[in-house]
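I've put the structures underneath this note.
There are two complexes below, and they share chain A, which is joined by chain B in the first and by chain C in the second.
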Partner chain A sequence: MTAIPVTGAAASRGFLRRFASQEALLALAVIGLAVAVGFVNPRFLAYRNLADILLGNAYIAIAAIGMSMVIISGNIDISVGALIGVLATVSGSLAVAGAPTAVAWLVPLALGILVMAAQGAVVAYLRIPAIVVTLGMLSILKGGLISVTGGKWITDLPQGFHLADLDVLGVPMPVVIMVAATALAAIWMRDTASGRAIYATGGNAEAARLCGVNPQRTVVMVFALHGLFAGLATLVYATQLRVIQSTTPSGLELTIITASVVGGVSILGGAGTVVGSTLAAILIAEITSALVFVNVSPYWTDALRGGLILATVIADIIRRRRRAARGWRT
Partner chain B sequence: MNAPLLDVRNLEKTFPGVRALTGVSFDVRAGEVHALLGENGAGKSTLIKVVSGVYQPDGGEILIDGRASRFTSPEDAKRAGVATIYQELLLFPELTVAENIFLGHAPRAGFGRIDWRAVRTKAEALLASLEIDDLAAGQIVGSLSVGHRQRVEILRALSHDARILIMDEPTAALTEADVTRLFGIVRRLKGRGVGIVYISHRLDELFEIADRVTVLRDGAYVGSRRMADTNSAELVQMMVGRRIENLFPKTLVPIGAPVLEAQNLVCHPMTRGVSLTVRSGEIVGLAGLVGSGRSELAQVLFGITPAERGEIRLQGEAVRIDSPEAARSRGIAYVPEDRAVQGLVRPMSVLNNFSLAALGALSRFGFIDRAAERRMAEAGVKRFSVKTSSVDEAAGRLSGGNQQKIVLGKWLANSPKLLVLDEPTRGVDVGAKAEIHRLMGDLAADGVAILMISSELPEVLGMSDRVLVMREGRLVAEFDRAHATSEAVGGAMMGGGANRERAA
Partner chain C sequence: MKARYLLTTAAAACALTAFATDANAAGKWDGGDDLATSPLECGTGAAAPGAPMKYDGGQPTHAPNKAGKAITVVDVPKLIGIGYFNATSKGIQDAAKEIGNVKAKTDGPTEAKIDEQIKFIDNSITSGVDGILFAANDPVAIAPVLKKALSKGIHVVGYDANATPGAREWFVNQSPFNGIAKAMVDAMAKETGEDGSFAIVTSTFTTPNQARWIAEMQAYAAKCHPKLQWLETVEAQEDNNLSFNQATTLINKYGDKLKGLFGMTSVATPASAEAVTKAGQCGKVAVVGLATPNAMKPYVHSGCVKSVVLWNPIDLGYAATYVMRAAVDGKLEPGDTSVEAGKLGKLNVINGSEILLGAPFIYDKANIDTFDF
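Now for the complex of A and B:
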């Protein structure tokens, strides 16, 4: 039972590993892919196209922030796509009905927090697995939305409603919100005790509890924040549209979960960052767009996304196995 | 002359860095109960795992009916007639008694279908053969008591025509009535010529049921005795040996005022009126067998399972400890027994694990002072000689001893007044063990009151200023350092009879 000696090789591997962090790899991939596709088809690098990629997918990155927190805390949420559909409909309906713009913007945020916090409370205090709770909520939201609206489209949205059309010093609002939300969430998760509690809860709830973390409260807080980010994502998404279809965007939750997982969030909880998930959301959008520019059928998008998810998860599991194998050698 | 059913000769088993078994021999004859005795970690479990085919021996041989046998899997051993009943019963709670007994080898009807009628009648025949009349073949196992489940396990072994039955602490979780019935079954099996390997810590039990006993210590064979020719004093002496001196140097420090005073703590079912005092600078060892209520007492003191009755005073002030948070904020630190479950957040870095219990002190307005956090963790890594490539390494990647040092260090970052340690050195290597002991000495010198639970008698005797012995949820004996001998403490642990003898 000797301790594993720390050799120079192991230490430098540690250094390499940190250097080759998921975030750095993703950033490299985002840039590398743009350059490569630019060689094949220079129009890919046109400002208009790059802007479209970012603007059209910022809401996925924003929603993936909350999703990453949920997964890091050891849970999962598959209701977020349906929730965004419902919140978009609520927001659009309010705007069309003549509610003040601020109300049309703020109600989805509040409603998002409320719905998610409620789910978090059921998960934390009734100890029901998150996948079951959110699967139920997915059906309720999806079915409820169709029943209430009859699938009617919302048109004639007032001019002032389109938050996503605004810009800050020339930077489009969706990008501003995406970057600001990612930065704030990243700092909060890294530098605050409550942020750290998410990692501890997801990594080992029992050990966290003995250290004075309240895992239940943490889970409710994480879900509430997830709801807030879902609300923000809704704003960016809905205010880009001229017409809001009062249905739930199909497969949206999977795209969001993909961004989190590809971004390096461990599906087993306890590890990952929101910078990673935002970069991954951008990378996935970029891949989708790139396929068109190199004349590959867009139908391959889903297959590629699936491949990406499997590759990342398998890599994560292998990493953990190695870790565990070494950890047990006492 | 017929050969013994099972004959183990000079067994060797080495794990990386540990010699788990060296030159262990014993044999079991038909119709005999042969007990294995030894402290936790003496090698009993390894031995039965080798005999039952879970581990392969590195040397020595196993003879069944005089023929050398080599088991490469538990199935091999089962086929040779060796069945093992582990402490954790391996039953399927949703299935019936009969289904559990014949799982995997059910009688078949045509086309490979299971012949359910035969399953039932065979199960009933087995039940009848042991004269078990309060258990029906159709009962769902999940609804049965522990004693009944154990009987199902025994029946399952018999359904394999087991001729050698290994029982690992079969009475650890049984009520007295169930123990009596178990012994009835064991005697009946003996009558049928089954050879039984019986592991138990309870000496009085061995004198009742066993014919011979083999004692192991530190993986080595100490000796075998016929139960009729020995007594508890000799067996305890054989188990603990004489190897304590010099190994665990507790430095003498002045002992101060009481830090913890507990009066009559009760927490159903394992804490049954415990009163104890731990003073500043004092290390109090809490000895007792597994299941004696030691760990439960620690959990009461730390508020994980708050006391239902009784009083706790910290530095003279009556306090309510109703949650780990309350305990922590009052300066109690607790290093749990099961560090995988309760101690470490494995995916988190060494850095973040070190600071986890001290985040409150490290933060201002909710923001962690990350520079201070890093300084703290790096100081901790240095102080505890944690071997890691950097503090950013995931804690789960370190070896067991280093993980334990982190768990310990995490709590010391809070500068506790009272430190409760449950098996602080279980599963860590010798070097790390010495470092943890040195550290405990340093802490005591700093005035921390330490309550140490340990299953290793030498550790308890070497490190403690005072030794308390727990049995069946109560403190039954107390010894000061001068009077704490392995025989006295070991005897009290096993149930030497006398009630709370004071040898102070």
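Now for the complex of A and C:
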């Protein structure tokens, strides 16, 4: 936010130094893993398989965009998996009941924004820790969904409902949404005052206030956006298969949080990018697929995922310490 | 720098190879348990009679003799309002109409909650019925209230989900593990050919029912379809999208070698069918699995899936009602080895106090639309 003019090259080098390390590392890991597994089983590198990995997991990357914003703002949300389950059921029920496709698609987006903004308001203005608020919401959504649906699945979805089956110039819709949402969010967070306010709020709310940022309003905005991305993720998630399960996908919130954290979003707030979280979501999906390809027992999946989280968090803390030792001269 | 990355990559590849186990070297299919198996006879032959077990059910005390007289029966399923129990309820009504002197009504909780279910049964005892049919939400927690019913001279017959044996007279068992296993493996062999290679999508390796089925499937395949080749089993929890991704991964991994997929849960089967459809492999990769009809209709109609294995819940309710009538009439007593059940014919007694519904039901293009659950 300094007014010192910088040349393009210098700016991009500064940008690289400040943000690229985790992203570059992840990109390398994504490619490195693909090559390594390709050695063992070349079929892994088939276009079809790589595309399927992206397609089947795009919804996690999309949801992780909002989650990253929430964590960067110094908060957390553990209700998102349950919310996606509820929004999927709402969307599917509307479609089956004969609502126009646009309504079946737009209502979950609006509802996602509403539910999340409400949670954000409670967090920001009543000053209740986000983990408590969202834990409460998790129970409400989970219990409510089972009560209302009785666990009954939604079937017979109309053909036009399946957004995930569409493509733009041959690129499947889930991938289009994932890439577009990541790019837009990344640019917005980097280059606009309202986007930078998220980092300021999460880094040091008091300092942010002194610089003219309204931390409360920022938190509500972040949660509302998180709701929007959860809605988008729902559209991909719910329209991919012919059945909507009507129960909340178990552990989805953890997968989403993992993508953010492994993506380099500091669990302490104030740092990270959505490019990182999208790359991490891809890496995690790639690992799951790779384990099948090289015949590793699935018992290792969770252990590997856990190891990945620990490694990233430790790396993040070491990086912070070093930076602190250097007196924040970046 | 470049050399270092190459080295790292090579090292990673080596590590992965070291991790990797040769799936086929293992004697046991992944995801099966280690309990003893009892594979059924090959082909369409009658089930081999198991070792007879002593009757272990409970009997009502001082039940009024209503043999041949009109009786009132209440049916308390796990929950009401879902297609599955609507179907069992229909079976009960069908049988009641056919028998004539049975008046049955279904009355149960709107959620699968054991405390609610106990209340419903307790109310029935108070209001005075001759018989109670139940599908337990919890085998142990439901026992006291059922024993109370028996102590008041009310006949108690279970179906779908058992209670501890002493708490009911009889239980209609819709799916002994070896029966499901036989139906699944026979269907797979028929679709892939006797020397087909297949993979399994299950919930987790330790889920009790799935582990039992897989172990029985292996035993039955070894006995009756020895050339069928198991490739591997993957876990997919009970998660729709994960099941789809795992099935897709299997298709991509094995390519033409993969001739069939077993779906071991009602989630994994439609998701596997979707994966096969999206991969354009319908007709090349068979999907055989346990599933409920509604979720499978699109795939059965498109011809991508030929056999969905499950029992017929209408028959299940129907059989339970016949068993109830026979118990009241004294035509089914401890020690008997079979019971007449209307259009289903003679049903065998197994495991002491259970009535075997028969071979699993195969849902196909011709019949799937008559079911809604």
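In the analysis below, the second predicted complex is superposed on the first by the 300 of 330 C-alpha atoms of A that agree within 3 Å, B and C clash if a C-alpha of one lies under 4 Å from a C-alpha of the other, contacts with A are read in each partner's own complex, and residues count from 1 in each chain.
One rule holds for everything that comes next: a contact is a pair of C-beta atoms (placed from the backbone, for glycine too) under 8 Å apart; a residue touches a chain by one contact, two chains touch by 3 or more.
Predicted model only: the values in this text are computed from it and were never measured.
S.K.: Touching A:Trp300 in the superposition: chain B (first), chain C (second), both, neither?
M.R.: After superposition on chain A, A:Trp300 lies in contact with chain C alone.
S.K.: After superposition on the shared chain, which partner residues are touched by A:Leu111: those of chain B (first), chain C (second), both, or neither?
M.R.: So A:Leu111 meets neither chain B nor chain C here.
S.K.: So, does A:Thr155 touch the first partner chain B, the second partner chain C, both, or neither?
M.R.: Second partner only, chain C.
S.K.: By the touch definition at the top of the document, which applies to A:Asn204: first (chain B), second (chain C), both, or neither?
M.R.: The answer is first: A:Asn204 touches chain B but not chain C.
S.K.: Return first, second, both or neither, reflecting whether A:Asn57 touches chain B, chain C, both chains, or no partner chain.
M.R.: Once the two structures are laid over each other on A, A:Asn57 reaches chain C alone.
S.K.: Output check: A:Val86 vs chain B and chain C. Expected answer is one of first, second, both, neither. What do you get?
M.R.: A:Val86: touches no partner chain.
S.K.: So which bits of chain A does chain B touch that chain C touches too?
M.R.: none
S.K.: Applying the document's contact rule, which stretches of chain C touch chain A when the two form their complex?
M.R.: 5, 8-10, 12-13, 16-17, 19-23, 30, 79, 81-83, 110-112, 205, 232, 234-235, 237-241, 244-246, 248-250, 252-253, 255, 267, 270-271, 274, 279, 292, 294-295, 297-299
S.K.: Within their complex, state which residues of chain A touch chain B.
M.R.: Of all residues in chain A, those touching chain B are 1-6, 10-11, 13-14, 18, 190-194, 196, 199-200, 202-204, 206-214, 266, 268-271, 320, 323-324, 326-330.
S.K.: Touching residues of chain B toward chain A in the complex: what are they?
M.R.: 15-18, 302, 304, 324-325, 328-329, 334, 336, 341-348, 352, 356-357, 359-360, 362-363, 366-368, 370, 387-390, 392-394, 396-403, 410, 427-432
S.K.: Using the touch rule from the top, collect the residues of chain A that touch chain C in their complex.
M.R.: It comes out as residues 28, 32-33, 35-37, 39-41, 43-44, 46, 48-49, 52-53, 56-57, 59, 146-147, 150-153, 155-156, 237, 240-245, 249-251, 285, 288-290, 292-300.
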